[in-house]
Amino acid sequence: MDLLAIVAHPDDAEIFCGGTLAKHADRGDDVTIAYMTRGEFGGFDTTQAELADTREAEARRAADALGALVTFLEFEDGRITYSLENRLAIVDTLREHDPDIVLTHYADDMHPDHRATSRLVTDAYYMSSLPLLETEHPPAGPSNVYYFGKPTSSFDPDVVVDITDVQERKEEAALHHESQIEWLEEHGGIDAEFSDFVEGMRATGHALGRQAGATYAEGFTRLHDASVEHLK
Amino acid sequence: MDLLAIVAHPDDAEIFCGGTLAKHADRGDDVTIAYMTRGEFGGFDTTQAELADTREAEARRAADALGALVTFLEFEDGRITYSLENRLAIVDTLREHDPDIVLTHYADDMHPDHRATSRLVTDAYYMSSLPLLETEHPPAGPSNVYYFGKPTSSFDPDVVVDITDVQERKEEAALHHESQIEWLEEHGGIDAEFSDFVEGMRATGHALGRQAGATYAEGFTRLHDASVEHLK
Amino acid sequence: MDLLAIVAHPDDAEIFCGGTLAKHADRGDDVTIAYMTRGEFGGFDTTQAELADTREAEARRAADALGALVTFLEFEDGRITYSLENRLAIVDTLREHDPDIVLTHYADDMHPDHRATSRLVTDAYYMSSLPLLETEHPPAGPSNVYYFGKPTSSFDPDVVVDITDVQERKEEAALHHESQIEWLEEHGGIDAEFSDFVEGMRATGHALGRQAGATYAEGFTRLHDASVEHLK
Amino acid sequence: MDLLAIVAHPDDAEIFCGGTLAKHADRGDDVTIAYMTRGEFGGFDTTQAELADTREAEARRAADALGALVTFLEFEDGRITYSLENRLAIVDTLREHDPDIVLTHYADDMHPDHRATSRLVTDAYYMSSLPLLETEHPPAGPSNVYYFGKPTSSFDPDVVVDITDVQERKEEAALHHESQIEWLEEHGGIDAEFSDFVEGMRATGHALGRQAGATYAEGFTRLHDASVEHLK
Amino acid sequence: MDLLAIVAHPDDAEIFCGGTLAKHADRGDDVTIAYMTRGEFGGFDTTQAELADTREAEARRAADALGALVTFLEFEDGRITYSLENRLAIVDTLREHDPDIVLTHYADDMHPDHRATSRLVTDAYYMSSLPLLETEHPPAGPSNVYYFGKPTSSFDPDVVVDITDVQERKEEAALHHESQIEWLEEHGGIDAEFSDFVEGMRATGHALGRQAGATYAEGFTRLHDASVEHLK
Amino acid sequence: MDLLAIVAHPDDAEIFCGGTLAKHADRGDDVTIAYMTRGEFGGFDTTQAELADTREAEARRAADALGALVTFLEFEDGRITYSLENRLAIVDTLREHDPDIVLTHYADDMHPDHRATSRLVTDAYYMSSLPLLETEHPPAGPSNVYYFGKPTSSFDPDVVVDITDVQERKEEAALHHESQIEWLEEHGGIDAEFSDFVEGMRATGHALGRQAGATYAEGFTRLHDASVEHLK
């Protein structure tokens, strides 16, 4: 089975679904992370170009730690917008990678780039299998879209993945985003000894896990229900 | 894996979870249906005692068609109430059967017997594993409770089970409830050539299935989330 | 009373509100279906132009069966987008037809064309009565907008219309969309003897009807509440 | 058509559904208000017995102003509880009056008497038509139950009744509850020139009406959906 | 503390948050109302230019009554759309005024201008503090965004502000919008002796206040939770 | 200001609202914890009587660490039920302590004792101020009831209290419940080096805090809205 995570910024995959990606990679699934942007707005005392390079390098190291391949799409940080043209670009991304499952941001996320990405992926999902719609690659498409949920408010997931076994690797992957840890501490006014970046990720994963019988977990909603064969 | 469905009346199991029970029975799980009552209010031109006998016999034939064992608890149709004493009776039922999963009515169902059953099972679930609470059988308990959802209004299930392969058997099982088909047609003012009892069940199952990629399906919510190992 | 259904594709009116349109036509209301597109993406082994012609012809036959007039707007299948210009085009459509009630897609539908249509109609509704906004036709507008609800997930309607008497005609109308029945069976991987297209429509209508005391029903939400004179 | 409003206390009918009852009475429907209690806890500087007499007299005058008959059931203010025995008492009340529609409190109301009344009526509704359940009067029952909604928090009604024409009479009826106006001003710490009792009722009715195209309105949810013949 | 209310049309601030703005102004906070448009579509028998002048003058008098400063942004009535360019314009507005709190329309409001404004402000909020995003003014931004809630349907606020003391002034401020009172009476078909414009505002404020222990109140949701030091 | 937390079992106060209680105690408020039971079912290899003594002692030490007084009511663990008699007992508890605010369990909690406690407190709140209802102590009552929220599923609080400054003390207080830490590890099948009891509490508090701008937080819903003077 192939997974494709389409995320707005270099650290979004690690934070929101890094454990799930690692588990799938571990069992032999092909896992790819497509970054809409190189996150060139997420810093200070630098230029957008320099920051893009730094963050791309961090993303490559983080994805490597998770066992995922990476690709960078041609959108701009803070400026992802919904348009028919952009939707068609994502249609072709879906067709090129032809994943079984696609993961992306929640439609109701607070970040405008996350929301635009979510909407583009959802609508591209629908169109990617239409034979009469021609793009560079042939028709194809995932069987479902999984959304990460809202990071900034209460969220009731449809599916909870137990990531206890890979929580440590998820944290290691996240720590490769050194520029962001520094930036979030500064920009968010955080002044803790140990990085809140990882502490927060851990608390969120443990708080959710406790509701579902796991030590650490990641939660998702999905575009449409999928039936199962038996109860568990 | 063992399943125990605790339902208020003789035909509730077939209507709400008959397909799921049949699938589990087919793969070798032990499946038991515990009827709270013998449904002795569900008729006319008869006595409660006669009707109870008729419906118990129908229930036994229906359960047999699904591959399930049956047991009858000592509650009265239309008169199931919530009390500490009744909760302890269900605690002991859970301990006696010691299932992995218990299925029961939705807490918000319109029928008072369904609601009381749902509440009794939910609260018994919690207490059944307490070592210091002594009942006839030793502490034990299911890992989760699955609820059937609301039959009379819109319902958003957590888990959808594909029952396409056993839909025909579910219908056959339901048709053993001859007294109810007659009663529902009369009492509900239904006057169709072919029984609405089965047509309705089929429509509900197909309407839900279409949302989840199955021809026929049954839906459930559950008491608490349960984590999965991978996405599907 | 005049009704105007504004739908994205040729078969959407029959599937979502065909029974309601037929009932209103039967009692003498003027009923018009405005198709945003001619559905030219809904097929394979053909060209968009050929398919558009085929589907327009099917739509005309289907609308005829319902007793509705048709009009085709100038949008493209799979490419309806929200813009001020498109909104003004719909404002003028509303002013030209001047219906009492407009019916359209649900804002939260999974299909991007359905969502864009829903949004355009809702916003055009607001603007259509403004005297200082000049378009080709004079100010006018419906008293309310009714939305079809979500086809792919649970949905809690505000208004349920009993379509039992016209269910057969709704099915006949839907069966005029021959190209779509073939396409949906192929594209959706459906391989049933009798068309799932109609079976699904029937199951959905019956499952909803059972909640509201009807054999078959169609459900709607509406833009704003409307008061009634008495309870029923 | 006959309506029966079953309310916990003497002023509940006027406040929650007085306009709707008056409109139905005006068109010739039989309208009865059944008071669960005589409201003997709603005061101070008096005895429960005296207060019960005062409030019964006020209720009779208020109901008269609305055009409704009254009956007093044998429950005690502040002490209505849910039990099988009490449910059967309400079953017999429903059978005795045999209304087409019953109105009562919302299940999620903050007042314990309102909640218990709501639950008793809902469950009695279900049982009132069962032929094998014998009570003093023969089987019968309303076609639906309408609930008043939550007075103390936001509420989304299923049905909104335009009561503009009878708002004045609703206010007159409410003003017959002189003991309660005094008591609410004292107990609620209200100290306005003109009674807040009526001002609040008027504001609530107008605020809701504005959402549904009426000057004054009353809102209800109902036990189950009911289909309509046409859109309006 | 500084407040900035960004509203679509000249009377929106008075109707939705006029009491809250007045209370903050009274205690010495800097309060500014930024009007997206001059409301030039809200009339008849006039030109858009004349109406814009009239309404700007009314808005200035109304804001003066509340103790607020005003500014007019360069959007067009009925034609506010979401775009990256418009978002950046609002980013610069936020940076120029540098408020602690921003107030704006609810994302789910029925009016397209209100929705577009809500979305632009929410997304601008996120971007306004990014150092690498250059606009005319330096990075800055409010600590939270408060939304007015839905005027046309039920609404469950997160925060309720007691405006009893300034209700009279809110009404006076609203009455400065003479052109709108006339227009709403005409356009909305309202024909009451005393203006429904103010009556409706008063009813809505009193109906909400009664839920929260105040005579008059205004309600808000907010972009993200904010913690408090103690319960009250 | 006086606070009274009414909780079912000895460790519930520390887990659900320990930080909030400590903050109020620190600023001089009178804070009392009323335990419905002594938690005599929460163990194994012991008797109910021994366990009750152990847990009462732990509760006293924990409350002492928070700066709260304690009282033990006469209910039995696992057997708290809703009845008029029990409601009146809580009415008298509220009158005896006469708090400004009462805190208790959420009505929708999974634990039957928590649900019964929540319902008893809510209904007692309503009756505690009625002058004609005589109990041992004179009429009195809190101004509002705050509920802890659901520990086992997603929860959207109305009020979030920043407990960062007292998180350490909350953890210390919780650690006094030695019998429960052992019992939860055993009963819940937990086998971690460092107690999950405290880790879980910390994760939940941090995950919530992150949504509301605090390092650690506790969340509450409340019985009815309460208005504020200004936005923050």
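Observations on the structure shown:
So that you can tell them apart, the chains are marked A, B, C, D, E and F in the order they are listed, and the count of residues begins at 1 in each.
Basically, contacts are C-beta pairs under 8 Å (C-beta built on N, C-alpha and C of every residue); 3 or more make two chains touch, one makes a residue touch a chain.
Just so you know, these numbers come straight off a predicted model, no measurement behind them.
With steps allowed only between chains in touch, the distance from chain D over to chain E comes to 1.
Note on connectivity: the fewest steps through touching chains from chain B to chain E is 2.
Chain C and chain E carry the same sequence, and matching their CA atoms takes a turn of 120 degrees, rounded to a multiple of 5. Among the remaining chains, the Cα-based centre furthest from that of chain A is the centre of D.
Chain A and chain E have CA centres that are 36 Å apart. Under the contact definition stated at the top, the residues of chain D that touch 2 or more other chains are 152-153, 157, 211, 224-225.
Contact between chains, per the stated criterion, is found for A-B, A-C, A-E, A-F, B-C, B-D, B-F, C-D, C-E, D-E, D-F, E-F. Note for the complex: chain B touches chain D at residues 40-41, 43-44, 46-48, 51, 78-79, 81, 110-112, 152-153, 187.
On chain F, the positions that touch chain E within their shared complex are 3, 20, 23-24, 27, 101, 103, 146, 157-162, 209, 211-214, 217, 220, 224-232. Per the touch definition, chain E reaches chain A in the complex via residues 83-84, 87, 122-123, 126-127, 129-133, 223-225. On the chain C side of its complex with chain B, the touching residues are 152-157, 192, 196, 199-200, 202-208, 210-211, 215.
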